[in-house]
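Note that chain A is present in both complexes that follow, paired respectively with chain B and with chain C.
Showing the complex of A and B:
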């Protein structure tokens, strides 16, 4: 009884899935089993990376109504940050102190609220003051950072460019240069300048919001805890800079990779929170501006990556666990692989890359399950699901929706950054990786349903599989029945095919496969 | 008189539309006060303005002696105001239990209130694990009211609870509202004058965004002219 209702309600969905399953079976029939396994796993891999972008994008859109077109760029930034930690831990450690000191100022939100509401200035001064503060703080920060010692690569000089460093690191010959030293500026002055610049910047930015926040704040030790923690961290990183660098450089690459992933995800979360609170939040009443802002940020992000890491593509070396090439390789089973850490493995006569085709899909599955649990089993998840449907009512229950917005935005960007850093050793780092995965993710969401979490997973899977099967058939060709013609899809058909699938699905089910009818 | 809530000549704009043009509402503690008026008069907007969902541009909202206009709406709600929106806006993707749990303001609110809620609405107990989508209209309305009772609210804003319900259900609902008003002050928007007049002790009539008349319900019931003029009903 219930089952028949289910069938009737989801007739179109089931029909589409049946057709897709049929196509899939036909595709499987037309190729060797080894080719099939490889293609299937590659599809899962691309699907997983797409899912990491799509799921965050869809959570953010569902709850905040923000189409974050910078999401792909944030995916890319995750990759480049991960690469930096993994290949140049010295650069990463050098940057920790300036970052911690500048951000410490932003941890004094309560103080700034109180200071800015006690309007010490009136009229014109009040309007000019924040801009003047931003200008002065920018001058201080630029002045200090120009002569602050950071040991870094140089994309202009081939021998020192990320491409060469990455290649050498892959060969196990990565030698970090001697640490950069203070030259034209005294260390104490530099630290004081960073701290001061950060404080002034945070205060100036808070002046824009003067009078818009609850005034009933009181200062307690909590108001200073974040500031203290960041200040302390900045000093600790400064004092133990060399020791920390040496520690990271000596770390086994598996652990270093884990560190890189953690830092990239953390940076994504931090960037997301910062972006939502400072740039997105003032524009909730102007969605068009928000859209333009995210496009602009995306362009700025790409240019920054080009300036810092250069334009050429390169690949992040794989951690030791997935890099073995000895005599015992390729591995013939998982236990074999575990013993020799082979980079490749034989599965049903096909030779697959363990990192790309096994590890990445597994992480994708773990994240899928983890976020699903978060959504279904925690209070935060409950609030998110309720907010996707009716934000106003959630607010009317007394729940601080703004904080949830920030959390979700941060989480979404964190997922994208995770996708990026996972992609770095498999598809490699390039300036355009973000855009291509954002496009994939958008198509996946259109297919699966824009604000449906299972829809994001299903759509990403379909996009990944379809692309990889078309690519494979581009190599082996499709014999057209009753003729001698062998049709070989050319590369431009790959994006076209996913878009075709999207169009067909949307024509039949305008809300996507698993989208809700509104 | 001891007023739990005082709305003082509020003006509310939605976009460029001047929707409320001077609404005054005084709600005595421990009473049920009905907001009456024709469709589009501004009753829902008044409730939303109290909660800060559509903040007033002018005027004051005072709750328990504290000026709350200008506060963020979740801060206002957290002071102890529950909201039952019109059209039974429950969370469809959440189960009945989750719909109640999400309203917790302190840990354990739901467990503490469970018995009380099920005594008001015995049906909910049976439906506790169903998704919100599966509930009938009446069940949704009961859930929406129960949800507003999970936290310790001292004021309840209920928007058209009887809308679209069968007479038997309306009777049951009135029972429940009467019962809960023993502990909680209620502001009730109600189109059905019969229901409103049986439940409420006080009334406020809103007409084209202005509060035009208020007083005791028992006086209004006998004032056929006023009823006819503002509510159109007999």
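Showing the complex of A and C:
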């Protein structure tokens, strides 16, 4: 009884899935089993990476109604940050102190709000003051940071460019340059300047909101604790700079890779929170301009990446666990692989790369399960799901939706950054990787249902599989029945095929495969 | 008295008339600044003036294209990500008909007209099924299919695949090389005609219903309007205009890049009307001027990393001009006028004291 109702309600969905399964079976029939396994696993791999971008995008779109077109750029930034931590830990450690010191000022948010409500100035001065503050703090920060020693690569010079550094690191010959030393500025002055600049910047930014929000007159100890913690962290990083660099450089690459992933995800979460609170938040009342803002941010992000890491593409070496070569490789079984850490293994006669085709899909599955648990089993997840359904109602129930918005945006960007850093060793780093993945993710979401989380997974899987099968058939050709013609799909058909699938699915089921009917 | 009436009719349109005069005089004034007499400019002597004319023609074409996007997005509220297809079909069809089939310009225009209607019908086919962002994605799909067609190697002899369409010889009387001034005025005249037509359309009962659809489609339906036909009408007009812009693009540009069929070119239209102000016809014009000049100036003076500043300008516009240039101007114009009046008063008082 229930089954027949289910059938009737989801007839179209089941029909589409049946057609896709039929196509899949046909595709499997047309190639050898080794080719099939490789293509299948590659599809899973691309699907997992797409899923990491798409899931964050879908969460943000569902709850906040923001079409975040900068999501692909954030994916790319995650990859580049991960690369930096992995290959050049010295640069990463050098940057920690300035970041912690500048950020410590922002931890004193409560103090600034209370100070800014005591209107010491009136009229024109009050309007000019925040701008003047930002200008002065920017001058201080730029002045200090220009002479602050950060050991960094140089994309202009080939020998010191990320391309050759990556190459050397891949050969296991990565040698970090000697740490940069303080030159024109005394260390104490530099640290004080950074702290002052951060404090002034935070204060000036809070002046914009003066009188716009309710203030509790009591100062909590939390903001001071946060300030102290960041200040302490900055100083500790400064004192133990060399020791930390040496520690990271001597670390096993597996652990270093894990550190890189953690840092990239953390940076993504931080960037997301910063973006939401400063730029996206004023735009909830005029949603269409969010498109322009995110397009602009995307252009800025791409140019910054180009300026810092250069335009050429490069790769990130794989961690030790997936980089083994030698007589015992390719491994023939998982236990064999675990013993020799081979980079490739033989599975059903097909030779596959362990990192790309086994590790990445597994991480994708873990993230799928983890976020699914978060959404279904926690209080925050409940609020998010309720917010996707009806935002005003959640607000009316007395839940601070603003904070949930920031959390979700940060989480979404964090997922994109995770995708980026995972993609780096498998597909390499390029300035354009973000855009193609954003388009893929958008297509995957449209196929699966824009605001549906399982839909994002299903859509990404379909997009990944379809692309990889078309690429494979582009190599071996499809014999057209009853003729001698062998049709070889050309490269432009790869993106077009997924888009066509999207159009067909949307015309039959306008809300996507698993989207809610309105 | 008659004279008075004439001037009183001019008064409310003084802004547009001044703009028109500026654009008519622009080639000659630029010529004068560079030491070329108006006669030289008139006979298409090479120089700075010719270059500025070229830039202006590009701006006019962009403005036409942005106007067409503003009509469906800004007025009717249809978010389409496939708008570049309208433009690209016009551009490629013109090139192929002129080059491979030897059509005359008039016949080409007829075909463009037909193609424009057909495209609108094609997009119209999916209109009843999908709404909102889903419509945007479906149209993106259609445009991508066209993009793949354009860059496929099978159609290379016609479209030039990856390289782009080249070798189109524009008819002699509006050739961008020898008769650029004439092309300039032709493009300007087309832009003005289309602008007037759009103004009429937007203020007509049909246009009003389109605006109502943007604001609340359900309510428009309840009032008894078959919204589908109104959306289709807006799409048809928009598609025709975009195809016409594409035609002018092919006539002016020596090479039509396949990028005009891509998603990026739709985003260009979106950015232009966001800069100018969504749902304002003047906004599309102002946006086109700002967009092209910004792009040109930054590329020329900053070079490769110009898109950084470009992106920063977009963010700044979003934050400080919340409804685009024209939209914000309309909101604030009362305040600005008051400010000017206050200034004028101050100045007058100061003068009286002397």
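Definition applied: the second predicted complex is superposed on the first by the 517 of 518 C-alpha atoms of A that agree within 3 Å, B and C clash if a C-alpha of one lies under 4 Å from a C-alpha of the other, contacts with A are read in each partner's own complex, and residues count from 1 in each chain.
Going forward, contacts are C-beta pairs under 8 Å (C-beta built on N, C-alpha and C of every residue); 3 or more make two chains touch, one makes a residue touch a chain.
None of these values were measured; they are calculated from a predicted model.
A.B. asks: Just to be sure I read the superposition right, which of the two partners does A:175 touch: chain B = first, chain C = second, or both, or neither?
C.D. replies: neither
A.B. asks: Pick one for A:188: touches chain B only (first), chain C only (second), both, or neither.
C.D. replies: Neither partner.
A.B. asks: Tell me the contact category for A:5 with respect to chain B and chain C: first, second, both or neither.
C.D. replies: neither
A.B. asks: Just to be sure I read the superposition right, which of the two partners does A:279 touch: chain B = first, chain C = second, or both, or neither?
C.D. replies: Only chain C is touched by A:279; chain B is not.
A.B. asks: Need the overlap of the two footprints on chain A, from chain B and from chain C, as residue ranges.
C.D. replies: In the superposed arrangement, which is not itself an observed complex, chain A uses no residue for both chain B and chain C.
A.B. asks: Which chain C residues qualify as touching chain A in the complex?
C.D. replies: 126, 129-131, 133-134, 137-138, 140-142, 144-145, 147-148, 151-153, 263, 267, 270-271, 274-275, 278, 305, 307-308, 310-315, 317-319, 322-323
A.B. asks: Applying the document's contact rule, which stretches of chain A touch chain B when the two form their complex?
C.D. replies: Where chain A meets chain B, its residues are 214, 379, 382-383, 385-386, 388-390, 392-402.
A.B. asks: Across the complex, what residues on chain B touch chain A?
C.D. replies: 51, 53, 71-75, 77-78, 83, 85, 89, 91-94, 98, 101-103, 105, 147, 151
A.B. asks: Which residues, counting only chain A, touch chain C once they are in their complex?
C.D. replies: Interface residues on the chain A side: 67, 279, 282-283, 286, 288-289, 291-293, 295-300, 302-304, 306-307, 439, 442-443, 446, 450, 490, 492-493, 495-496, 499-500, 502-503, 506-507, 510-511.
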